[in-house]
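Before I ask anything, let me first share the structure, which is written out below as structure tokens.
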């Protein structure tokens, strides 16, 4: 794998389906990395995948990511959840919990930790979180986290840990101790 | 219930389109070889330089008596298109301290080394404050500060004003030479200040302010200064403080010496790529230019949206104070074109009758 | 130590220029005024008034939306007076208080006088939820002009700018001046023989006070003629 | 709007529970200070970088000749600037974007450092006088806060003192009303006259149980720790700063509100600080001594200059 | 010129770097995209750049404001600001060593631009291309010097800060040029050529610094 920086153009094969991953920008069939990192290109059948594996500190929400956030307040019928210090908070609706209804709403306080899934991301809107498994509608392990400690790690390491279940450190990050 | 929805083609007047889609409007004009400001691509706004005539040593009417009042030393009014800048220059006196701090060596060696110690600050500049009237009061905003400091920086490095030109040669009252024994130990220099007020702001403010400042400096006259008296005061706790009262002559003055070949005029250009994809009327004249179009003096919402700019000062042949920036990138060819226009513009403005005043 | 970070003020230990006065400032004041309107594009109305080496530029912004307050049934009026740097301010003394106030207090008292004058002249109720701002810039000042005389110039400048702005006003104001050896007065008249404001340093309301008012009125009538003449000429030129 | 770190209840509880057991996140004991690392510039005078764990501060001292204050004709001028740039954390907003308004933390740090160093007379101001009433040295110490991990106060006092000790001003001679300054090549620059080295020690107070217990006075099991890191500082219920020098003289003691604490605890804190101040002072002196030894021997320098001139 | 780059020395910001060449040293940090501190900084279609530059000594003045302004003119050419609507990208710069006379800012501006670029890379913010800045001066004899020293600057007739974008290891576009003092048209073109080859040469060092930092972040890949 080679290390690329912005400006290192490479040509995408035409005629085949190419799935573009993070940190790439294209004009026509020319792709340009938007940050420095490892260029990953893999071929699976007729389609190929290209992305730049880059490390950074600030978490940028992406749909279907599993995240741990801190409740920083509530607004209308939803909580505001901080995913990274000083970032725009994400929104977690009161009804985005399993079996939630007008009468049975979750009781979370400011400062509580929640484990959630990123439901939708649009740069022009607030990020939305959900605390249930999208396929089953059940709890799926999401919700309020009690006890333990929150460790901040660099994003590349977090991804590494998520992909390698046998990693020599606690399983999930941010994780419970 | 049958209703048909129809999409109506929306038409916006140019000023509305300029606000909601400035790039679109600009492209529509460029396609037919015009600019939103209706000037030719390389055409500048007309500029009128006049004497404000409010300086102490200036006369308010041609051939009239000098005003003889106030502390303004030079002034100018420059009008470019609809925008006006009024520049006033004043001054103060400062005790030269560079002798003191940079004169590292012992007295014996002073003469040998003097030649190379003062090289670094042979230039002087004008402490400038630009104020753009915009219907709000308060401290200067970022743009005003940037323009002000840019003027200071450009004048300083251009070498227009030498430090020596501001040095005060002290005399006695009524212009007699000062006798050697009364010459104070310290040297004095003038410090120049300028304030520039911009009204009806449109187009490049920097160019206008530069023009106003240069024009005012050309009108600036420095007073003759004499020592009125030497005071030795007993200050706090009986510390003796030696003070000189320096007085400026009411009428006697001499013009501020400028390096004539450094007098320049500043021009700003925008660089924009012609977008062939923007729909336009087929039958209209098509301009043939590949690459980017150079527009002189951007004005108005649609044009000022262009973010690739070239600003350069020229005395007609030599350049100074260059600023180039923009995402589009600038080629040498484009620079050459801009420089040629800036040179011609400077020759025209600097030699015009108004500039002579 | 507080330093102004937004201005390039130069070295700190400077001495101001002190000029030897070879001749007393001219006592004769030339009453001729030069008027021009509409010089400033990006505002509702503007005027340029030049009188005997004093230059006053007025610009009026508004009515524009007022977000500062939740609701007001009439426009809020704000007057800002700015004295340019380097102006000879020695003669701008407030004789009513027998002190030479600093620049800020001087400006504040000018602003409050103008505010009370024009508040009753502009039909503010026609512009609810809005704000109207008047900016007066004294660009150049004849050192022979006193505070009261400058005030007169400022008021007339604002008055012309108001007409240029097209804002609803009851009438065109014009301000007259009367200056004696020891007393000065400026009176602002609306068109209907009504006094909008008086600035005077008279201690008692005696005959001299009355005669000063009369002088002001005459002066104001003369000025009104000039202002109206200019405005008419401007209006016909437009057609 | 004030931005702050979002610290979860879980983290808060974890830290406090650990503190109760005399354990801190970084493995220190409650009253243990992080390692102080000091480095000074080799090629210029008056520049020091100090780190305390991850907290990092630099200080630059500069001098110029100016006119003394009217009411203090025999004294020079000494200023310390403590503006915090967002470079050390987005938690601190820059002065200009907030319209010149400083944050509370910034004001607190600047006041404490001002009192600790300037008012305690660490720098001999009278030695900065050149010609009474007309010329004196103005010494300026600019603190540059580079990384925030708690305890800016203590590290600032160290940085300012090291930079002052490291600084040399040009040597000079007075000839009537003229001042002649000597270049570094000509005469060795001279150090400032430092009268003592005041150092700050900041203690943070916590109550893992209930605040009310403290006020009622039944139970006083509040915890005290020294040299807090970021999360400890954000969770603190009150703090106290002691400024003390090698002679065990207390120069300043500040406790602005916060948790009520037992009076006897103050004595314990003083005792603890006075035990630490010796080591820290020695460390500072060591750094300065090593630096001056590393610099060229003055005689050698003189000869070099002479040689250069002859060739 | 010999360049010393320190990658990500700071802990609390999203990306940081120090850049040192000759007697000039600058430390820069980038944080973002973060929530706008006040509503007026929220731009509906792109990120707001909050730039803050602090001098090596003394309080920030109009000199630093102009430097901030210049940086603000350059950066939109490389940052994909439209990917972060309503957000703020905070850039804080601390000049550590001026390395030039007080009336000059050329060397500092070069170090600022280069360190901010590396800090931007470290922060992961989306960039359009790579870039590098360098400075040149023209002496009284008309000689061009690249990366002039303090005394060379002081005795020069004119000096320039030049920024080129770099694509595919080649010099691409002239993104920024700031020239002070007097010069002829041809002299400027010579300066641009010299600057371009200087940048091409020195960018290798920056590239290497970035690459070694990337591999450091992925130690487990080795």
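By letter and in written order, the chains are A, B, C, D and E; residue numbering begins at 1 in each of them.
In this section, a residue touches a chain if its C-beta (ideal position, glycine included) is under 8 Å from a C-beta of that chain, and two chains touch if they have at least 3 such contacts.
Just so it is clear, the structure is predicted and the values come from calculations on it, not from any experiment.
Q: Starting at subunit A, what is the smallest number of hops through touching chains needed to reach subunit C?
A: Each step joins two touching chains, and the minimum needed here is 2.
Q: What is the chain whose Cα centroid lies farthest from the Cα centroid of subunit B?
A: A
Q: Applying the document's contact definition, name the chain pair with more C-beta pairs in contact, D-E or B-C.
A: By the number of C-beta pairs in contact, the winner is B-C.
Q: In whole angstrom, what separates the CA-based centres of subunit B and subunit E?
A: The computed centroid separation for subunit B versus subunit E comes out at 26 Å.
Q: With chain centres defined as C-alpha means, what is the inter-centre distance between subunit A and subunit D in Å?
A: 41
Q: Taking the mean of the CA coordinates per chain, how far is subunit C from subunit D in Å?
A: Once rounded, the distance between the two centres reads 54 Å.
Q: Using the touch rule from the top of the page, what residues of subunit E touch 2 or more other chains?
A: 31, 34-35, 59-60, 62-63, 65, 78, 128, 165, 172
Q: Please list all residues of subunit D that touch 2 or more other chains.
A: Each of 3, 90-91, 96 in subunit D touches at least two other chains.
Q: Provide the list of subunit C residues touching at least two other chains, using ranges where the numbers run on.
A: 5-8, 13
Q: State the interface residues of subunit D toward subunit A in the complex, per the touch definition above.
A: Within the complex, subunit D contacts subunit A at residues 3, 5-14, 90-91.
Q: Write out the stretch or stretches of subunit E touching subunit C in their complex.
A: 59-63, 65
Q: Can you check the complex and tell me which residues of subunit B touch subunit C?
A: Residues 52-54, 56, 60, 67-72, 75, 82-84, 86, 88, 90-95, 127-129, 133-135, 137, 139-140, 145, 148-149, 152, 173, 191, 193, 195, 197, 199-202, 223, 245-251 of subunit B touch subunit C in their complex.
Q: Subunit D touches which residues of subunit A in the complex?
A: Touch list, subunit A to subunit D: 70, 72, 82, 85-86, 109, 111-113, 145-150.
Q: Could you list, by residue number, the parts of subunit E that touch subunit A in their complex?
A: 14-15, 31-35, 78, 80, 83-87, 121-130, 165-169, 172, 207, 210-211, 213-215, 217-218, 220-221
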